[in-house]
Amino acid sequence: MRLSAYNLRCVRGGCQVFDNLRFALESGEALVVTGPNGAGKSSLLRLIGGLVRIDGGTLTLEGGDAERSIGEQAHYLGHLDALKPSLTARENLLFWVQFLGGGSLDTADALEQVGLAGLADLPAGYLSAGQRRRLSIARLLSVPRPIWLLDEPTAPLDAAARDDVAALMQAHLTGGGIVVVATHAPLGLVGARELRLGAARAIAA
Amino acid sequence: MPLIDLANPSRFLAFAERALPWLAALTAALLAIGLYLALFVAPDDYQQGATVKIMFLHVPFAWLSMMCWGLMSVAGLGTLVWRHPLADVTAKAAAPIGAAFTFLCLLTGSLWGRPMWGTYWVWDARLTSVLVLFLMYLGLLALWRAVDDPSRAARAAAILTIVGAINIPIIKFSVDWWNTLHQSASVLRLGGPAIDPTILRPLLVMALAMTLLFATLLVGAMRNEILRRRVRALRLMQARAA
Amino acid sequence: MSAFTAMLARDVRLATRAGGGALMGVLFFFIVVTLMPFALGPDLALLQRIGPAVLWLGALLANLLALDRLLAVDHEDGSLDLILNAPLPLELTLVAKAAAHWLTTGVPLVVAAPLLGLMLNLEPASTAAVALTLLAGTPALTCIGLIGAALLVALRRGGLLLPILILPLTVPVLIFGVSACNAAIVGPMPFGTPFTILCALTLVSLVVGPFAAAAALRHAME
């Protein structure tokens, strides 16, 4: 599997966020996107996930499922955790597994892996920011999709939890997945490549 | 100049600068002829007297209020299908003009109704359909005003306009069904118009003059909108450069 | 469980749990209808005559209440990003959400209508007509409102804009809903004529609503 971007361009709200962006990722490779605030890290992840329109250039996935868009083969984990506070942790996870389809891992196992097994029946509203983030990551584990797009995945987590998440990402890579992660903090991923984005520019209409 | 060239905003600006004086002059001339024909040549109605002459304004306004929604729907397709910036500009510039024409249609209708029905407003089927159309225009204007980002607003407004275009015949049908007291349509009738030529001719001239007035206002408003967007882009650049 | 029923079940569950809006609509309906006699006077003959119209107007406004949040909550917590990239077509997801809204808002209105009809001195036949027309008409209101909800999410605006955009589009549903009730009570035309047209309007909005709403959400992406 190979995810390649050629001369990608992104314009949001009349501002050019980036242009001529190129990268290619094979199975098992990670791309760490860094840069100052407003450089377009989030935009790039949303663009790969099909949530922002591509204004120029091409983005292709070779060796994926031709029937589905790249966004449908990617997990997007942004700043928002897509959890409903009135549903329990297990209900939240179960809903996404049923709705997104193709769950291979038991939800109990996924909750176990992110260390939330004891809190499965607690409403998500009672969980802390770090616990909610781990619950979102459980979604990535239970619904198999080859590409992970992670926007500051470790921001609300403590040091120990950060290492756990980095280990889960490493496991996904070892299993032949692709990870694109925007981060300020070093994650210590083996063989990760870095993409540094500069500041955005305004363009005349 | 081929029409496709106008699709470029800069070319359109150049075209607008050259065309506007001509359009304005032609509109003024036709309006003068139309008003002369309507006021001095067309006979008074044997029942309604001189008040029938409001019709020469009322009917063109009614036509244009619907034509404007049609134009915005076509522009909306241009926005959604081709993502064309000039289509956004057309739809945005047309909305307030269409709303104004619809309002004038209601106003003239109500002034006409005072001597005819003895009251400024009756819940007559056609007036009511136009009233609902006016409410839809106001909703559309509210939508345009609610959002700062023009292309985002354009796509939402395009969808609302097209949904509205599907709804307008249904609303018309429902309101007619609800109340069929008014006289039936008489100009666009199968087998030729039923109106006397002495009234029809000034009416058609006035309709043409009003359409030209609409076109003049639209081209002017589009020019302003393009300039407004350039100002917005320059301000954004200034903010980024600081 | 399929993706469609998963979405339907989740939205019903969210609406009926604490913090959900399932009974808000019917409560609002109850209050609006209760206010009417204070404005019109307790004349039972008058209330009987305009009762179907009062019930329809109340239901129309009550149905709007929860629509504002129908898609906004999913946008605010990031769920919409995942919904857009799900294998289930967006149109069908929206049908599931509209169905959940109808089950938790529209159906309670239909159930409450006979009770309120009793208070407005309606005959059993006209009460049945109101309930039946509401049953046929509220899905149309939900689907038309779905378009408004999607537009507001696309614009990141909420609140008052929704009724302004949506209410003019509901005029035909209101006309035929109330006409069918009146036809059942006083005639002269048979109940079936306006009622069939009302059902046709519902079918049209069932098609147009989800498609237009899905288009609005897709085009909201920059």
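In order of appearance the chains are A, B and C, and numbering begins at 1 in each one.
Everything that follows uses one rule, which is that a residue touches a chain if its C-beta (ideal position, glycine included) is under 8 Å from a C-beta of that chain, and two chains touch if they have at least 3 such contacts.
Since this is a predicted model, take the numbers as computed values, not measurements.
Measuring from the average of all protein CA coordinates, the nearest chain centre is that of C. The most distant chain from subunit B, with centres taken as the mean of CA atoms, is A. Distance between chain centres (mean CA atoms), subunit A to subunit C: 37 Å. One finds 48 Å separating the Cα centroids of subunit A and subunit B. Each chain gets one centre point, the mean of its Cα atoms, and the points for subunit B and subunit C are 32 Å apart. Within subunit B, contacts with two or more other chains are made by no residue at all. Looking at subunit A, residues 13 sit in touch with two or more other chains.
Across the assembly, subunit C contributes residues 222 that each touch 2 or more other chains.
On subunit C, the positions that touch subunit A within their shared complex are 1-3, 6-7, 10, 13-14, 17-20, 76-79, 81-88, 221-222. Listing the residues of subunit C that touch subunit B in their complex gives 147, 151, 154-157, 161, 164-165, 167-169, 171-172, 175-176, 179, 197, 201, 204, 208, 212, 215-216, 219-220, 222.
Residues of subunit B that touch subunit C in their complex: 80, 132, 135-136, 138-139, 142-143, 146-147, 151-153, 155-156, 158-160, 162-164, 166-167, 170-171, 173-175, 177-178. Residues 11-13, 46, 49-53, 68-69, 71-72, 74, 76, 78-87, 91, 95-96, 98-101 of subunit A are the ones touching subunit C in the complex.
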